[in-house]
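Next come two complexes built around subunit A: one with subunit B, the other with subunit C.
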Partner chain A sequence: MWQWLFKLSSPKWFYTISGQLMPWLAALTTLLLGIGLVWGLAFTPPDYQMGENYRIAYIHVPAASIAMGCYYMMACMAAAFLIWRIKMADMVAKACAPVGMTFTALALFTGSVWGIPTWGTWWIWDARLTSTLIMLFLFIGVMALRSAYDSEAAGSKACAVLSLVGVVNVPIIKYSVEWWNTLHQGASSLSLSNTSANPPEIWLPAFFVGFGLLGFYLIAIILRTRNEILIRERRTDWVVDILNTNKGFS
Partner chain B sequence: MSIIKATLRRELLIAFRSPGEIINPLMFFVIAVSLFPLGVGADQAFLSEIAPGVIWVTALLAVMLSMDSLFRADYEDGSLEQLLLSPQPLYFIVLAKVSSHWLVSGLPLVILAPIFASMLALPDAGIIPLTVSLLIGTPILTMLGAIGMALTVGLSKSGLLLAVLILPLYIPVLVFGTGVVNSALNSLGIAGLMALLGAMLVLALCLAPLAIIAALRISVSL
Partner chain C sequence: MTAPRKQRMAIVGFIVAGSAIAIGLVLFALNEGINVFYTPTEVAQGVVPTGQNFRIGGMVKTGSLKTGELEGTLVEFMATDCAEDIPVTFTGVLPDLFREGQGVVADGFIDSNGIFQASQILAKHDENYMSAESVAAMEASGATCDP
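== the complex of A and B ==
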């Protein structure tokens, strides 16, 4: 296990292993997303209060969880990069920021679309909405900092420091926003993730879509990381070989 | 401990020799607060309602805008490198440097805030809680701002980037700071919130210098 992880920290190994995994991951993701989306969006019974509208939660809930997980993943990679100087960790962290930002934006967008008919407004300053919006700002901040640096190495380290400062703050921000929200307007009982009351035909598709989106997330991260490897290692022999033979995933 | 004293002395001397650096953030605070009644109308009841938020947000922006003078001059004339190379404990040097910056940029805001809160018709019950919350809260803002400034001091255009990096991190301080004032106005207890602000200050004093040092090392190596 450790040896395998250790090998993954070499760009060449990461590139090779991820290339071998990719077709399987892509097939599994397509299968899960296909089953989950068709089942969830077309065949589950409509909710007796929200009607057809609740189906957007099948996308919204996993997108929001993945977005939050992505921030922690970015911070872990940043720590690995700062402590052990693993270049691969920084490449993954670099891939995390735009992907995490997109998932956060997706969660906010689907939440707003769901909110218009359900809450009667597309935006309220609810604790979850607000802390998700702040997380979007944090992702944007990391991307802005990286693009401001001309030197790749310095930008990587600066982003790693910022990600770690951010991850210390994320729980404080979340807690403070929840506290602020209860002071100003009372806790919202409209929770999207309250699935304990639902039968399996409601939550099983969510399970499929959730793992499908997770697969999609991993594919996005891996593709971006592979591109980054090719760019940063473009002067090494093995990358030149790949570019010359141009074999795609191999 | 003598290194703390020496750093404080040096920083305060530099600050008092160029008073513009002290006065500008203060003027920003004064002018920006004065803009609000002009923008939203002079209705006393409404002003008193938004006063805690206006004072806190404006103080927060003033602290952020004052950050530029913290490392910029030292970075440009090379004394920052000398500081990082010095055999003295860097943690205390950075702590003293940031503290002295707060003394000349944050503390005057705290002293001026009651006057302007009063001008915004904040009820008397809120004045002391506002001042104390600013007294505990602005050092946190300075510590967090110093992290952002240390990360961006080596970049040529860093003004707006600093805002993008730092403002999201300021949110908890703003929430608890205005929370203290609003609780006091509603005759609720404020000890718990003050304690939370104090805990955040202790956390910032302990951890922020480490992040600042790491960030300064990156900026100097550019």
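== the complex of A and C ==
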């Protein structure tokens, strides 16, 4: 396990392994998203009071979870980069910011679309919504900070520090609905019985969409990281070899 | 592990712990201000500053709702948290989910008669999703007051 992780911290190994993994990951993602979306959007029973519009939760909840997970991942990579100076960790952290920003924006957007008919408003400054908006700004801030530096090394270090400072926001998002009065509802406690609230027939499709979106998230991170590897390692022999063999296709 | 790595690890720990403590203290100081609404019990205890706009949150008390004939006309109901009740009046269009036994957040002020004059009504949805069949099955076992 450790040896495998250690190998992944070599750009060449990461490039090779991720290239082999990609078709499997893509197939699994398509399968999970296909099953989950068709099942969740078309075959689950409508909610007893929201009717059909609760189905937006099949996108909203996984998107928000992945956005938070992405922030943790970015912070872990930042810590690994700062402590062990692993360049791969910085490349993955760089890939995390735009992908995390997109998932956060998706969660905020779907939440607003759901909020209009359900709450009667698309926005309220409650703890859950505000802390999620702060996470969106943190992702954007990390991207802006990196591009503000001419020197790559200085930008990486500054981004790593900002990522670590912002990580405290993620548990705040998670527990905001318990610590304060919010308009946003708390986490649902899932039930195994079909005759109680939050039955499997409603949450099971959400898990399929969730793992499907997780696969999509990993694909996005891997593709961005592979691009970054090619750019940063462009002067090494193995990258020159790859670029030469692929010349015919470009 | 080498000394510089240990040192860098300590710095990373310091950054995370330091920002967590700083933000924790800010949130602790803001505590009440972060709440998006006050409960009827808090209003009854007098923690809410009088003469200014605020939000109350609770449940529309079962049997207390009086609506006008047309949509957009006067609505009266009691907002409750099972311990205290506050009378609320509102003129305007209600969210679709608004009904008795449903969570509600109202923005407004308390007038001289002790009635909450709402200028906006929002429906607070709970974290329970289920089909109509499940609800019918649950209602057979009896509903409780749980805002």
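Just so we're on the same page, the second predicted complex is superposed on the first by the 217 of 250 C-alpha atoms of A that agree within 3 Å, B and C clash if a C-alpha of one lies under 4 Å from a C-alpha of the other, contacts with A are read in each partner's own complex, and residues count from 1 in each chain.
The rule is short, and it goes like this: contacts are C-beta pairs under 8 Å (C-beta built on N, C-alpha and C of every residue); 3 or more make two chains touch, one makes a residue touch a chain.
Just so it is clear, the structure is predicted and the values come from calculations on it, not from any experiment.
Between subunit B and subunit C, more residues of subunit A are touched by C.
Of the two partner chains placed by superposition, A:Glu52 touches none, neither subunit B nor subunit C. Of the two partner chains, subunit B and subunit C are each touched by A:Trp180.
Looking at the shared chain after the overlay, A:Ile83 reaches subunit C, while subunit B stays out of its contact range. Contact with subunit B, but none with subunit C, is seen for A:Gly141 once the two complexes are overlaid on the shared chain. Legend: residue contacts after superposition of the two complexes on their common chain; A:Asp241 is shown touching neither subunit B nor subunit C. By the touch criterion defined above, A:Val165 lies against subunit B and subunit C together after alignment on the C-alpha atoms of chain A. Of the two partner chains placed by superposition, only subunit C is touched by A:Trp125; subunit B is not.
When the two structures are aligned on the shared chain, A:Ser151 is found in touch with subunit B, with no touch to subunit C. Comparing the two complexes, residues 82, 161, 164-166, 168-169, 172, 179-180, 183 of subunit A contact subunit B in one case and subunit C in the other.
The part of subunit A that touches subunit C in the complex is made up of residues 45-50, 54, 57, 79, 82-84, 117-121, 124-127, 161, 164-169, 172, 179-183, 185-189, 194-199, 201-202. By the touch criterion stated above, subunit C contacts subunit A in their complex at residues 5, 8-9, 11-12, 15-16, 19-20, 23-24, 27, 31, 34-39, 57, 94-98, 102, 105, 120-135, 137-138. Residues 82, 134, 137-138, 140-141, 144-145, 148-149, 151, 154, 157-158, 161-162, 164-166, 168-169, 172-173, 175-177, 179-180, 183 of subunit A are the ones touching subunit B in the complex.
By the touch rule above, subunit B contacts subunit A in their complex via residues 144, 147, 151-152, 154-155, 157-158, 161, 164-165, 167-169, 171-172, 175-176, 179, 182-183, 200, 207, 211, 214-215, 218-219, 221-222.
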